[in-house]
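We just call them A, B, C, D and E in the order they show up, numbering each chain from 1.
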Amino acid sequence: STTPSAPSGAPPASGGAGAPSAPAGPGAADAAFPRNETLYTSGTQWGPPANWNPLRTWDSATGTKGLVYETLFLYDPQNDTFTPWLAESGDWTGEDTYELKLRQGVTWADGKPFTADDVVFTVELGKMKTVPYANLWGWLEKAEAVDPATVRFTFSKANHQQWANWVYNNAIVPKHIWQGRSEDDVMNGVNDKPVGTGPYTYHSHDQDRMAWVKRDGWWATKALGKDVKPKYVVDIVNSSNEVAMGLLLQKGLDLSNNFLPGVANLVKGNFGIQTYFPEPPYMLSANTAFLVPNTKRKPLDDPAFRKAVAGAIDTKKIVEGVYGNLVKAASPTGLLPQWDKYVDQAVVSEKGFSFDTAKARKLLADAGYKDRDGDGLVENKDGSKASLKLIVPAGWTDWMEASRVIAEGAKAAGIDITPDFPDFNALVDQRSSGKFDLVLNNERQLSNTPWMYYDYIFQLPVNKQQNTVNFGRYENKKAWDLVQELDGKKVDDAEGMKKVTSEIQKIQLDDLPVIPLWYNGLWAQTSTAVWTNWPSSAPGTPKSPPTMWRNWLELGGVLTLTEIKPVGG
Amino acid sequence: MRRYFGRKLLVYGLTFLVAVTVNWMIPRFMPGDPVQSMLSRANVSQPAAVEAMRAHYTALFGLDLPLWQQYGNFWAALFRGDLGTSIWVFPTPVTDLIMRAVPYTLALLIPSILLSWWAGNRFGAFAARRKWLDNTALPIGYVLTATPYMWLAILLAWGLGVVAGIFPVSGGYSFSMRPNWSWEFVGDLALHWFLPFASLFLVAFGGWAIGMRNMIIYELEADYSTYLASLGAPRRLIRRYAFRNAVLPQITGLALQLGVLVAGALVTEIVFSYPGLGHLILKAIQNQDFFLLQGAFLFIVVGVLVANFVIDIVYVLVDPRTRIGMGGEAT
Amino acid sequence: MTAVPARRREGLYFAVRNGKLLAGLAVLVPLLLLAAAAPLLGGQDPNAYVAAPASPPSAQNWFGTTMFGQDVFAQFVYGLRSTFIVGALGGGLAAIIGMTIGFTAGYRGGIVDEVLNMLTNIVLVLPALAVLLIVNAYLGVRSVGVQALFIGLTSWPWAARAIRAQTFSLRSRDFVDLARLSGVRTWKIIAREIAPNMNSYLVMTFILLFGGSILIAASLDFIGLGPSQGISLGLMLNNAARWSALHLGMWWWFIPPGAGITAIVGALYVMNVGLDEVFNPRLREL
Amino acid sequence: MTLSVRDLRVHYRTLRGEVKALDGVSFDVADGEILGLAGESGCGKTTLGKSLIRMDGRMRLAGGTAELDGQELPIGDDRRMNRFRFARVSLIPQYSMSAMNPTRKIGKMVGELLASRGEKLDRAELERRLDLVELPRDVLGRYPIELSGGMKQRMVMVISTLLDPSLLIADEITSALDVSTQKAVARTLVEFRDRGFVRSMIFITHDISLTYQIADTIMIMYAGKLAEKAPAGVIVSEPRHPYTRMLISSLPEVGVRHAERRLSGIPGRPPSLLDPPTGCRFRDRCPLAFERCAEEPPPIEVAPGHHVACWKA
Amino acid sequence: MLSLEGVTKTYRVGAFGTSTLTAVDDVSLDLAPGEVVSLIGESGSGKTTLGKTVLGLLSPTKGRITLDGERARPGKAYYRHVQGVFQDPFSCYNPVFKADRVLTMIRNEYFPGVADSEWQGRIETSLSDVGLDPGQILGRYPHQLSGGQLQRLLIARALLLDLRYLVADEITSMLDASTRIDVLNLLADLKARGLGVLFVTHDLSLGNYISERAVVLYRGRVVESGSTAAVFGNPLHPYTIRLLSSVPRLTSRWGGEEDTASAEVPEPDDRKGASTLVEAEPGHLVRRTGGDTDAGTASLRSAR
């Protein structure tokens, strides 16, 4: 038969063929995905799809959160607006209470209605210590379903910024399916029959691909008039960027979210490949790459020295040489362009740094760093050698190249930096235990609030192991207090926020606990062979992020799927 | 005979022991904590949450036990066929991942080994026949064996794949396909299989051809060949005998080359992103998934050992000299 | 009656007339010179960004440039260097281990032989590259030297076997007994009586180990387990593949390194056959 | 006349020039005759044997002819010679131990060898011959490695004579054997001749005493040339060539004791065949040498069937 | 006096050392100075094994070897007095080096202090003792010398030491008839100088030529021993008889079948305790197996 069988929430039983491992889809007829109904993407999934557990945001199959499970809000970083999604609205009804109105008529893929119980259940999962948002319960007192469409949250401390982040970042899971699961199951379960509220459901997977199929009756079609266009989304597991490039050129890939150096040539050439901007930087910015100095080590404990380092780095050379202009040099604050409004330009122009070898030399000399042994490199103030290692994970070639540029610039300014490429494990070890001099890092992504970055830079206390924040072990109580103050600012209080950020930026630029280098791109290259109307900077095109990256669907990635159009369709 | 196999088994057993132990030891004595790097990938913002997860996963992977106990558990699990859980593809069991990759690797290895062995030997024997053939075929053989597997693979991928567009250059089957037993799908599989196969085949082919050519020259100089020639036997018969005898050392050669061929398959798979073990190993390395790396490595070791053992048996079966020597009937 | 002094002279006679040997040298020597002259030809740093990225071969950049604007020719000559170094160190180490074990096992025989044989067999059936992968993957320091060390430690078994067999047959020659009757000590007998008789064989073993090490090193580099500093031919291939040189049509990036490896290893193999013909009267062509 | 060799010259090509291993040798072998070929090492015995059946790659026929049963043997032409091998001229090699394909059962090998020559295997005859050399019949179903050295040698003898050749060449087939086995082998050869498995035979050895036991005629060679050829008894009892004489007198016989009779060898060494001296090649070592010896002495028949190449003979 | 007392040597054989082979079985033998004892036997009878055991190149599985009543310990001291020369002169020289290296080796190990000129003198003496012209020998490669010269050089090498016993293992079998006799004569001359020689051979006529006593070895065991005259003139053991009758001689041709009957040799496997060496005549020992009575011997004797 040629009629595609109705997709169901449950993965179909494997069709006895026993061919390369993947459970075969329903019916023999759809041996191949019809090209014009399928969206091929890549650049998200770094390993074979192994779980569909939305709590495992870092390694669940792409789209588990976003295509299957949905969040309460979407956040649009370009315009700094929250789009109600599963929620219809959310308001602070008091100093410490927040009330959420849920959308009506939303059903889970198995037909059960979505209710306030599901939201409460999901939030309460955080009471399990190993659930990533367990810390929420450090300042949340209780979550209760006032009625099936209303949830009320009572906080012990109103961290507005964090909460705003939470509501668009976490997927709601169905209580009727998840309740009774053990902590181990919740955290480590495969959840191989994901039942969500989103537009897609599981179709099939293999080692090198994840296929989703559109499901009927997605609430947004009726409620918002939005409809995802591709019937199938096949997300190709990255084996290498090279494969992605090959597929893209052969029109086998519609959206590549891989970092494809050299893509500038393809955009300029006649290959039918676009990026968001038709000219440098080609990509939207997604995160900031920082050079993190270990502020507990000599001579990096000296802000003057750190400033000299900052001034010695030829960021432009990295941007052009290593990245072929696919990225942008970062501003001295490191805040992404989307957060420009939180940057106090006055502070920046007064205290900011820029690439200037001579100035770096002068800074060093002024601070008392001299070259005593005549090797062209300065020593510590006590005369001992100041040879610093910059660690970058082995195999991360672009960073390896970048670190060479950094070292080169530093040498020119008289600072002895050698790049070193330990394995990732070893690097993580050194980084978290503070046994390093300099390290490159870009782990914080774009979000609704610059608080995210400041939390990353200034968080206290400094522990024995610094796992995800403040790798440089920078201790400044005042700054951390300011960061916490920022957390308490209302999301819509832009002025209030800016006042705090301006204070923070002063400290930041005086002390340089981290040195922002460049903004990594939101790698996206699109092909118009099958799907058109991709988001771009051109007028009249959608402005949602053209990405399938994990945690980006709720930043508007899912909207992109509703905007694209089949060629000729 | 019993003693012979007893001794072989002892060697294999010891090798296995050594391999397992090395395999178990290295990740545990190397810098870095796999759980920690797994969590650093998880990118969880709150240090407190990270700590909890860390304790949880350390216990989950059994890394909190004393070393001797971990070693014991490792062996016990091994005998249950349990190679642990992958970190990279959490929570898939390592055995699952390997079993999924193995068919692809075998589909490359078995035909390329057997065919290259067969064709290389034939060709080598054929080349040794005439001077001009020898002089043209030999250099080709040498260039082929000297070619790094991945380079030949890259050249083929570039020439036949990217430029000519005849063959796909990556993956096991098209992304538009879904596995089933239709001609279309099988054809697609074959199309993806061909280039990696060809590059493995060609490199190995050159080696066998040269080995055979050198071997057969020795055999043609052997006393029995001279005797036959003196009795006026036609070249054909002499060559046939020489070929048969020259093939025997090539069987042992096969055992010796097995490791190299497997290695060749690994890098070839990487070039073509062919979803076999090599690809898996590369990913395991890139993602610091040492449970997977261990599993894949053990699997290869066991595979090579088993293949070696099979070759040993085959050799005994085909060469009367070993068989009789072992029986002790004659000295 | 085989006589070596005459053989030596004959050896030379045949050596200078042996096409294979000469052809091998004709390929190898220029490459060796290139490698030696790397700093002259390739500038100080092969990884420096010197020109427009991704440009095809030109008068300035004979082999074109990489994606990042590094000179491929400079990388090539420096890569040759590390390739030769890995070959020499890895092959040399393997030869030393192989010789030590082979000589000892072959000469001493008995239980020593049994044990060494067992060891040899164990290392032999271990798939070397897989072991190297494992070890290398966890190795903190990655340099040409460490790489060569591990290659040397795993690739000696066949050499040990071959040398053992040769030693075994030489040991039963009467001149060894005669040396013992002269009160010469064991290691001296091995070094002064047995080894000189295997000179050509040892040279050939070394050549093969040399070539083998280069290939193994290239594979490791290609997987990304190569030296983390500097450049090697395998690393160039790795970079080229990684940065889609294939799809971008940057053939000048991936052809030279592979061709370099093939040329070196091929030349070594061909030389080996040439040497075999020189030293083995049965193979000499008139 | 079975074999008639005239002025045979065979050279080896070497780097330093041509080694004139056979430099004009003429002799005849009659029907039913066993010709013993003896002489010092390097005098060209093996070369002679090889040149009559199969020259190796380095040998070059520099001149001379060989006739077998009145028919010219194309000894310089490897292709054409093939027809004669085995059927007309056959060989028992010195390397009997390794002469059979180690990986083929003997019977099968024999069958294939015969088939390749277009002959049919007469199994009954083969078995009769195996009985004669006291080999069990089941050797045909065995691999060579399963046979002892003596058995292999006998097997090769049977194979080589299977087509009843006119001429059999046996080169040093007994030198590795101890006396009792040597005797058995030598006797078998005579038996083969007596039974007509071979018509005539050239038996090459450096052991004159052994040759004397089975040969009808003995030919002594020296440095690539014939020194003396005569019936066995004559060579031993009345040698005419000084070389033969000295050679025979240097043999310690059983019963001769040093204390009683001190034997002496021939001083000096044979000349190099690369660039042999003109004239009599034994001149330098010969106690009887005189001016004439500077000229090459032609072999002359001093008595019926007794040829000597010496001016003093 | 160099004595062997019940020397036994067992090899492990079979492809994987599965079985053992007794190459030399309970051999006792005395060698006095100035005496040549020939050790006669067919191929594989254990002659070389015995010779090497005496030289300490193999260690006996059982039994012992004494030199002047003291247990022989292979090493410099022992080799100063006991030396060997082997069958294949070409393989005794390392083909890579000049032939006179065998002499240099002696100097390095035994006489490191001796001055050059004195050493030169010693070499010349010992070379002339073996009838070699130093000018023709020194500085040459082995392949440039004849087999006879090489064998003599080896003997000269041994003479550089304080040599008292020499094991000569088939030293003439690779030589031409004419050279062979010269080497034999040399051995005989050395005997006259008080050297004890163990002359290993499979050629009975050679043993007969130079030795006082003969020992016949069969499959590792002594089957007959005694003065040369007695063993060759009046062989008692069937094996000796067969050997003698198989020797090709220039004086007589082999007859018809008459001697094959005597070729029946007791199977070696019957190593019954009853098999012992008995003294048939004074100083003439012969091995008798259990069933081999006097009558048997008599019949054998009459068969001759």
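Throughout what follows, a residue touches a chain if its C-beta (ideal position, glycine included) is under 8 Å from a C-beta of that chain, and two chains touch if they have at least 3 such contacts.
The shown structure was predicted, so the numbers you read here are calculated from the model rather than taken from an experiment.
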Any chain in contact with chain B as well as chain E: C, D
Taking each chain's C-alpha mean as its centre, the one farthest from chain E: A
Contact-richer chain pair [A-B vs C-E]: A-B
Centre distance in Å when chain A and chain D are each reduced to the mean of their C-alpha atoms: 93
Chain A and chain C: spacing of chain centres that average the CA atoms, whole Å: 47
Rounded Å distance between chain B and chain C, as computed from the means of their C-alpha atoms: 22
Multi-partner residues of chain C (each touching 2 or more other chains): 137-140, 224, 241, 246-247
Multi-chain contact residues (two or more partners), chain E: none
Per-residue overlap in chain B, given as positions that touch at least 2 other chains: 30-31, 162, 169, 286, 325
Residue numbers on chain B that touch chain A, as the complex places them: 30-34, 36-37, 39-54, 56, 60, 86, 88-92, 97, 99-101, 103-104, 162, 169-182, 184-185, 273, 275, 279, 283, 286-288
Complex contact set, residues of chain E against chain C: 52, 55, 57, 74-76, 79, 83-84, 86-88, 90-98, 102, 105-106, 109-110, 141-144, 154
Contact set on chain C toward chain E in their complex: 1-7, 173-175, 177-184, 193, 196-197, 199
Residues of chain E that touch chain D when the two form their complex: 42-43, 146, 148, 176-182, 184-185, 188, 202-206, 208-210, 228, 232, 242-244, 246-251, 253-254, 263
Residues of chain D touching chain B in the complex: 53-54, 56, 81-87, 90-91, 93, 95, 98-104, 112-113, 116-117, 143, 145-148, 156, 159-160
